[in-house]
Each structure stands twice: as C-alpha cells, then as structure tokens.
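Presented sequentially are two complexes of subunit A, the first with subunit B as partner and the second with subunit C.
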Partner chain A sequence: MPNDTQILNVQGLSVQIPVHGSMLRPVRDVNLEVGRGETVAVVGESGCGKSLTALAIMGLLPRQAMVQSDALRLNSESLAQASPKRWRQLRGDQIAMIFQDPMTALDPCYRIGNQMCEILQQHRKISRTDAMARSRDLLGKVGIPAPEERLKQYPHQLSGGLRQRVMIAMALLCEPELIIADEPTTALDVTIQAQILRLLRDIQQETNIGLLLITHDLGVVAGMADRIVVMYGGQVVEVGTCDQVLAQPLHPYTEGLVRSIPVPGETEQGETLGYIPGIVPRQVGELSACGFVDRCPYATDICHAKSIPMRDADNARLMRCILPTDGSARDPAVWVLPDETTAQGAATHGSTPCPKF
Partner chain B sequence: MLVYLSKRFLMTMLVIAVTSGIAFLLVHLSGDPAAAMAGEGASEADIEAVRATYGFDRPLYVQYLDWVGRILTGDLGRSTYLRADVTDVLARHVPVTATLGLCALTFALALSIPLGVIAALRPNTLIDRFALWVAVAGQALPSFLFALGLMYLFGVYFRLLPISGNETWWHFIMPSIALGYYATPAIMRLTRSGMLDVMQSDHVRTARAYGLAPWRVVVRHGLRHAIIPVVSLAAVQLGFMLGGSIVIETIFSLKGIGYLAWESIQRADIEVIQAILLVIAAAYAVLTLLADLLNAALDPRIRIS
Partner chain C sequence: MNNMTTSAQDGAPVSLSPGRIALRRAFRHGGFWIGGTIILAIILIAIFAPLLTPYDPSVQSLSKGFVPPVWAKDGSWLHPLGTDNLGRDYLARLLYGARISLGLALLTVIISGTIGTAMGITAGYWGGWPDMIINFFITVRLTLPVVLVALVVVALIGSSLWLLILVIGLLLWDRFAIVVRSATQQLAQREYITSARAIGSSTPRILFREILPNITGPLVVVASIEIAHAILLEAALSFLGLGVQPPDVSWGLMVAEAKAQLLFRPWMIAIPGAALVLLIFAINLVGDALRDVTTPEGKA
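Up next is the complex of A and B:
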C-alpha cells in the first residue's frame, strides 16, 4: 500500500503493565496499517490484546502502562513522542473512538446535544448554535428519527441501538480520518447489530475514512472488512484480506476460529462445532515458544523450542507459524476430537470457554 | 418531576409532624414541668396553682393539639424564665447558629472536596497520604481539644482572632474551623472514593477519548457524579452542626441555639426547649429535602424516570 494513502501506521507496538512485581505483556510487537477508505478488522478472543492495542493507539492507557513502538504514525505525524496536549487535540478530532457499551459510554448527566457540542467546541471555533445545528444534522445522518428532540434528551431516555448511533454521530463530529470501533455491536441485540454495522460501512464508504474494527466476532468481520489482522496472546498471528483469511486460514488459531462458526445450510443440527481446546495463557515474560503451542493440534518440537517470527506467505499475506505458507498442511481431521473430550469440552464450556464466539 | 417534588414535600411535612410530637412528649415525660417551674421547696398547693395557670392539668393530647394549633398560627409560646416571646428569643439565637453552621460547612467543603479529588486523581502518592493524615487527625481529635488549641494559638499566642462572642465576622472564623474540621474527614473520603470510582467509568473514558480538556473531564464528567452522595452527607452534617454545636458554642461563647438549649434545659424552660427541638427537626427535614432537590438537579435520572 502506498504511503500517501496510509492513515495509521503502527510498527512494533508493545504494551507492558507491572502487576504485583511481575511484568504483564499483553501486547507484543504489533504491526498495523490502515489506509484511507480501508476497513481493517482486528480479530481475537478476549484477552488477546486487541482492545489494549486500540487504547494504545488512542494514547488512553493508564499511567502505569508502558507503551513502546518503533513507529506510531497518524498520517505522517509521529505520535510516539507526542505531548499529552497534542494527544488531546488529535483525539475526537482526527481519531475518534466508538465504544462497546453504549449504555455506559455516554454521560448520563448531560443531554445528547450538550455532549456533542462540548466535543465540537473543544476542537473547533464554533458557536453553540452552529454546533447544535451540526449535531442535529449528524444525528439525522446516522438514521436517528426526530433528531431535534433527541438533542434535548438524556442518554437514559434512548434505547441501546439509538445510543450507539449517537456514539457514531459523535465520532463523525469533527470529520476524523480514522475511527476505531471497539466491539461496536457486542452489547446490542442481534437485529440492531446488523443495522449498526451497515451504518458503519455506509458511512465509511461515503466519507472514505479509515476504520479500525475491533471484534471477537468473525461473523461481523465477513461483510465489513477489507483486511483482517488476527491476534492471539498479544501477537499478530495472521494478516490477509478478508476473503483469503476466511476461506483459507493459514495459522492454526485462525483455522480453529473459522471452524467454530456455524454455517447456515452446512452445519448439521446437533453437530458439535469446532472449538479450540485450552485457555488463553497469561502473558508474562519473554516468549520461549510459539504462543499458541499448548493449544495447537499441529505443534512440533520446533514450536516448543523457540518463539516463532512473522513471515511472508503467498498472496502478500503474513503468518506467524512454521506450517507451509500455502495452507497445504491444513487437515480437518486434527480438529475432530475424541468423543470423550468433546463431551467434556461441551460440559465445561461455561467455565473454561474456548474463544467466545 | 412534579410528582417527585410533591412526594418529597409531603414526606418532609410528615417528618416534621412526627418529630414535633416526639419533641413534645419527651419534654413532658422528662419530669413534671409544673414542679420544675414552681422551683425547689415549693408547696404542693403552689405546684397545683402553676399547673392550673399553665394548663398542665389538662390531658396530654389536649395540650399537644393546643401547642400545635398555636405553632400553626406562628406563636411559639412564651418563655417563663426570660419573660419574652419564644419567637423573639429564637430570632436572636438562630442567626448565630445558622451563620456558624453555614461557615463551618463552607470551610469543610472547601477543604475536603478539593483534597478528596486530588487524592483520588493521584492515589497512593504523597498528596493522598497527606489527605489521609488530615482526615485521620480530624476524626481522632475531640472537637473541644481542637477548639482550645486554635484558641491558644491564634487567640492567645498570636493575638490574631477574638476568642469569644459573636459581634463581628472575625468571631466566627475559629468556631467555624473547629466545627467544620470535624465534618471534613467523612466528606473527603466520600469524595475520594466516589472520584476513584467515576474516573474508571466508561463515560469518563469517552470524555478522554474525545480530547476534552482535563478539568472538564474531572469536574464536569467526574465530580458531578461523585458529588451526589456528598450532597446528602453534607446536608446531614449541616443539620448536625445546627443542632449539635453546643460544645463549640459554649467554648467560644457564641449565643446560638445550642447554647440556648443548654441554658433552657437547666432552667426547665419547656416552651423554649420544645421550640428549639422543633426548629432543629424542621431544619434537618428541610435540609434533607434540599439535598434531594439538589441531587435531582445534578442527576437527570433521578428527576426523569
């Protein structure tokens, strides 16, 4: 991708958090690029570091978290050494964020219009009247009926779907170049989820912004993303276009994820869905093996012996695995678990879930 | 909102009515008012005469209804000892206590809220430790000791402030600090814990994520939430200061209602005692009502359900 269309460029991003004397490393050496008009989905299970990556890009991590990166660029500006003041100028103006739970993400004490104007007036020299007018227009644009009245309402008077639309309108206030949506539909009803996703996609195409979509739901990704970045245990394990990754996953973790999605028409009733055994390991210290080794059905001695570097695969894809780069090692049989294990897995699914899908 | 308002108002009225009854009963149960009035060594006939003169021979409920009836017309009775209308007596003493209470509360809030906020923003730092130290000292020091310490230091040693009386504003400085300091620890800790909570909340993260100025995040999106329980606490504290400032009023010779209550109890001046109890109870109830209204103004979820 040529550099002039690149909005976000993250290279070698690591986050370390000291916890009770040991050093937690929830994000390790993450590379991410988002181009203008591009939707990049960061996919992974809870605790894989995807939300922390997003917060690090926003400069929103708590004080005690240590963020390191080789490059953290928004457009061509390096943010690695940006002052807190510069961060504040960028946030909400050039990067906007949409959060997971619209029920709590808005301040219950202020009217919708008040909250939107506050953001607009923070970043633009604009009168209250004009700010209200723009807020109203945007509420209309994100499909909220009777926007004039919504401006005067408090968040608790709106439904979850409407509130998430308000969040999206808020994100659009200052015409940002990049929107980070962190699980934007997880807290919503399934029917509302589809509406919100369609809205996000329409807006993204219309305004040609970059969209970084963070989700654990491959189903969400399918219709939305241009590229997929799969994260596991704080590392990026696979990168490719949406179609490539979903049709032919290269990394065993991605393969496990794809297998755990039920396919209408193909998945039989009563059939056990694929799942990945084991739980996510705690991310402490340096890696001395592949991060996925304990849960990987293809694991070899090499995988136990050293950490696995990222490498190029066919069709400009990236993978962090020693398996052949053309996907020829994929074997559906390794995912078929003995009956006993399957039953056990199903029974304990509530307490030790494999990825939440 | 109107429903909420009228409900709250009715509750307040009910509380005042019930406490008035209790106040009346307590005074009458604590001894024979006629005997106390007639004085030591009075004959049985004298006491009977007093009883008949002041109507103490009637059944209690008749006396109570009579008393309530007079209060509703604005007549609080007559002090037998001071030979003055209770209304006039209170009019002289209530402003002193009200001034003291309000100044003390202002001092307490001005000290404890900023301290609480700063402590919450920088937990486990020197500032936090200092705030904790202030709180612990406030809780541990008996208020009379603290008052005497202030008096010695600023009144006697540095000769900066007057140590007794209530003629000028200067006279209120030390008593307000002594009284207000006692309320500081609770308010500070409530502010601190509230701020610690709210600064972790999602809407504060949103405010940060949209680049709002730090003071806006802390005050508008943080403190406004954290202050709600503090308002309720402050109302109760102020009520306590109005009714319970006897020690401070006595030490600094402020002629407030605490001081008046103390004197009246010694003189068995029951009309005054009853009136003071009623005024304090009403003040408590009204303050609670005000706190509820202020909270409804702060948090729309309370007023719009």
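Up next is the complex of A and C:
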C-alpha cells in the first residue's frame, strides 16, 4: 500500500501493566496499518489484547499502563511524542471511537443534541445553531427517524440500536480520518447488528475514512473487512485479506476460529462443531515458546522451544507459525474431537502447567 | 413511561430533563410534601420573623419575667408563649432563633459540601496516591469526636457565630467525601467518561460537566442529612454554653437557658425542643424522599 494513503501506521506497539509486582504484557509488538477507505478487522477471543490495542492507539490507557512503540503515526504525524493537548485536539476530530456498549457510552444527564454540539464546539469554531443543524443532518444520515425530536431527547429514551446510531453519528461529526469501532455490535441483538454493520460500511465507503473494526465475531468480519488481523495472546498471529483468511486460514488459531463457526446450509444437524480447548493464558514475562502452543493441535518440539517470529506467507500474507503455508499439514479432524479424546485431551492440557503469577 | 407524554403529531416522546423527572416524582412522594411544607414554613418564619411578632427577642423587661404561656393559668395573648426569666418574649425568641439555626446549618453545609465534594472527586477520579492521602484524611477525621474538637476549638479561640460555622463546616465534610468518592469511582468506570476523553474533553471539563452533574443525586441526599446534623451539633454546642452566645438566640441556646426551669416551667424547654424535633424530622423526611426519587437509575 502506498504511503500517502496510509492513515494509521502502528509498528511494534507493546503495552505493559504492572500488577501486584509482576508485569502483565497484554499487547506485544503489534503492527497495524489502516489505509484510506480501508476496513481492517482485528479479530481474536476475549483477553487477547484487541481492545487494549485500540485504547493504546487512542492514548486512552490508564497511566499505570506503559505503552511503547517503534512508530505510532496518524497521517504521518507521530503520536508517540504528542502532548496531552495535541491528543485532545486529535481525539474526536481526526480519530473517533465507537464503543461497545451504547447503553453506557452516552451521558444520561444531557440531551442527545447537547452531547453532539459539545463535540463540534470543542473542535470547531461553530455557532450553536449551526452545530445543532449539523447534528440533526448526521442523525438523519445514520438513519434515525425524526432527528429533530431525537436531539431533544435523553439517552434513556432511545433503544440500544438507536443509541449506537447516535454514537456513530457522534463519531462522524468532525469528519474524522479514522474511526475505531470497539465491538460496535456486541451489545445489540442480531437483527440490529446487521443494520448497524451495514450502516457503518455504507458510511465508511461514502466518506472514504479508515475503519479499524475490533471484534470477536468472524461473521461480522466476513461482510465488512478488507483485511483481517488475527490476534492471540497479545500478538498478531496472522494478517491477510478477508477472503484469504476466512477461506484458507494459515495459523492454527485462525483455523480453529474458522472451524468453530456454524455455516447455515453446510453444517449438518447433529454435527459437532470444532472448538479450541483451553483459555487464553495470562500474558506475563517474555515468551519462551509459541504463545498458542498449549492449545495448538499441531504443536511440535520447536513450538515449545522458542517464540515464533512473524514470517511472510504467500500472497503478501503474514503468519506467526512454522507450519507449511500450503495447507498440507492440516487435518480438520483435529478440531472435532470425539468425546473420549476430548476427555483425554483435556487431561493432557490440564497437565500442561499454567503460567504462575 | 410516566416521564413521557406523547405528542399529538408524530408519536415522538417529549423529553424532560432528569432533574425535572426527579422533581415530578418528588411531588408524588408523601414524605416530600409533609417535610417540604414544614421546612418551607420554618424558612418563611425565619425570613419574616420581624413581621410576625412585635417584640424584639433580646429586649429585657425584668418586671415581666416568667409570664406563663397562653394555655396556662394567668397566661395572656400578649405573650402567647410567655416570657423567659429576663422578661423576653418567648415567641419572638423562637421565631428569631429559627434564623440562626437554619442559616448556620446552610452555611455549614456549603462549606463542608465544597470541601468533601472536592476531596471525594479527586480521590475517586484519580485513585492511586491522591486517593490514599485523602483516605488518610477521612480516616483521621472519622477518629476525631466532633463535639470534643468543636468544644476545644471554641474554648481555645472563643465563641462567635462565624467561628462556630467555620468549625462545624470544617468538621462535617467526611460523609460528603466518602459518598462522592465512591460515586465518582463508579462513574469513572463508565464508558461515557472514556467516551468523553475519546472526543477530546479536558480533565476539568470531564470533572465538572460529566461527573458532577451525575452525582448530584447522592450529593443532595447527603446535604440534607448533614443539614440536620449541623443543626443538632449547633444545638448541642449551644446547650453546653460554647455555641451561639447571647444576645444572639438559637433553639439550642433556648433549651440550654431553660434547663434550670425544667421542673417548674417545663414548657420553656419543651417549646424549642419541639421546634428542633419538628425541623430535624422534616429535613429527614425530605432527605428520605430525595433518596427515593434520585436512585442511581432514577434517570431512566
């Protein structure tokens, strides 16, 4: 991707949090790029560092957290050295964020119109009347009926879907270049999810902004993303285009994720879905093995011996695994364990010592 | 959906501010009505005291000492509640006494509320070492017996009304600090605070525009409790002779002065005592009602 269309460029981002004497490392050496008009999805299960990565990019982590990066650039402006004042100017203006739970992300004390105008007036020299007019236009644009009335309402009077639409409208107010959406549909029911995702996609295509979509739902990703960044245990384990990653996952973790999605029409009734045994381990200290080794069905001695570096795979993809890239070493059966082997497998996995903290 | 009325044309609900909703609920609350009426009456009495009685509460008339109240033998409507040992009209003293009791309580709570809220928000929002330091101060304050400290200060520096207000104000901030701290801690975790930071709000803006409006509920409730507390404390100190000093008059002082007559003229201690009970009762009723109508999700 040429550099001039790149909006966000993150290289070697690490987050460390001191907890009770030990050092938690929830984000390790993450590289991310988002281009203009591009949707990049960060995928992974709970606890693998997706949200912390997003908050680190926004500069919103608590002070105890130590953020390091080789490069953190927004439109070629380095954010690593930005002053708190500059951060405040950028947030809401050039980077906007959409939060997971629209129920709690709006201040219950203020009318919708007030909250929207406030953002505009913080970042632009604009009169109250004009700010209201723009807020009303945007509410209409995100598909809210009767925007004039909504402006005068309080958050508790809106449904979850409407509130998430308001959040999207608020994110769009200052025409940002990058929107970070942290699981924007997790708190909504499924029918509303689809509407919100379509809205996000339409707006993203229309305004040509960069969208960093954080989600644990591969179904969400499939319809939205241009590229997928799979995270596990604080590391990026696989990068590729949406089609590549979903059709032919390279990293065993991605493979496990893809295998565990039921596909309407293909997954037979009574068929056992694949799953990944175990949970994400807590990230403490330096890695001395592959981060996924405890849960990987293909794990070898090499995987236990050293941490695995990122390497180039075919078609400009990246993966953090030693398996061959042609898929020859794959076996779908390893993900669907019969009951006995499940029990055995659980026992073997149980005997693997969990990291002590 | 009692807080929404449907407008005729499009069915979109008309919005009321959270404050208005709480007020509406308050007006449906029996306790709020009873307590509010009593407090309002006492406030009006305090303000219009000079219009309600022809007497000056501090003018003595020794020849007319110990006139009994109107319902006792030899009582007259000239002095409906009688006079005290120095011949001062008891009704006038009661009416003017409301001024000091109420005014003192209000000023005290403004002082202690400001201190406590500032401390609580600081501790709750930043956590870490500011929280530890403020918690230390709260703990220290809680170990101090209020009456004893107030007595020592007043005894050492001397008693004046302003000193009394200052001393009580500087002592009663603990509950404000504790309640505001925990309320702020809860709020600081809310996504709309993160979201305010994500749109580029500065810290003072978050504290005053996001946190403060959202803790007014608990603040008002604590304030009502502390007003009652301050009135009682003033009465206690005055009773011990270290509070309000003559010629000023407060209800606590009246109780103190009447204690010598407890067995002979019991109404002298009963009248200001009853006034105190009534006022505290009314304040507590309103405080209870406010707690009912401003529950955490009372905005919903």
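As a convention for this text, the second predicted complex is superposed on the first by the 340 of 357 C-alpha atoms of A that agree within 3 Å, B and C clash if a C-alpha of one lies under 4 Å from a C-alpha of the other, contacts with A are read in each partner's own complex, and residues count from 1 in each chain.
Criterion: contacts are C-beta pairs under 8 Å (C-beta built on N, C-alpha and C of every residue); 3 or more make two chains touch, one makes a residue touch a chain.
In this text, all values refer to a predicted model and were calculated from it rather than measured experimentally.
Look at subunit A after the overlay: subunit B and subunit C clash there. In the superposed pair of complexes, A:K152 makes contact with subunit C only, with no contact to subunit B. Looking at the shared chain after the overlay, A:T186 reaches neither subunit B nor subunit C. Touch criterion not met for A:Q248: it reaches neither subunit B nor subunit C. Contacts of A:Q68 after superposition: neither subunit B nor subunit C is touched. By the touch criterion stated above, A:H123 is placed in contact with subunit B and with subunit C alike.
According to the touch criterion, the shared surface of subunit A, contacted by subunit B in one complex and subunit C in the other, consists of residues 58, 60, 87-93, 96-97, 99, 101, 104-110, 118-119, 122-123, 154, 156-157, 170.
If you check the complex, the residues on subunit B that touch subunit A are 201-203, 205-214, 216, 220-221, 224-225, 298-301, 304. Residues 58, 60, 87-93, 96-97, 99, 101, 104-110, 118-119, 122-123, 154, 156-157, 167, 170 of subunit A are the ones that touch subunit B when the two sit in their complex.
Touching subunit A in their complex are the following residues of subunit C: 4, 10, 12-15, 17-18, 128, 190-192, 194-202, 209-210, 213-214, 299-300. Listing the residues of subunit A that touch subunit C in their complex gives 58, 60, 63, 87-93, 96-97, 99-101, 104-111, 118-119, 122-123, 146, 149-150, 152-154, 156-157, 170.
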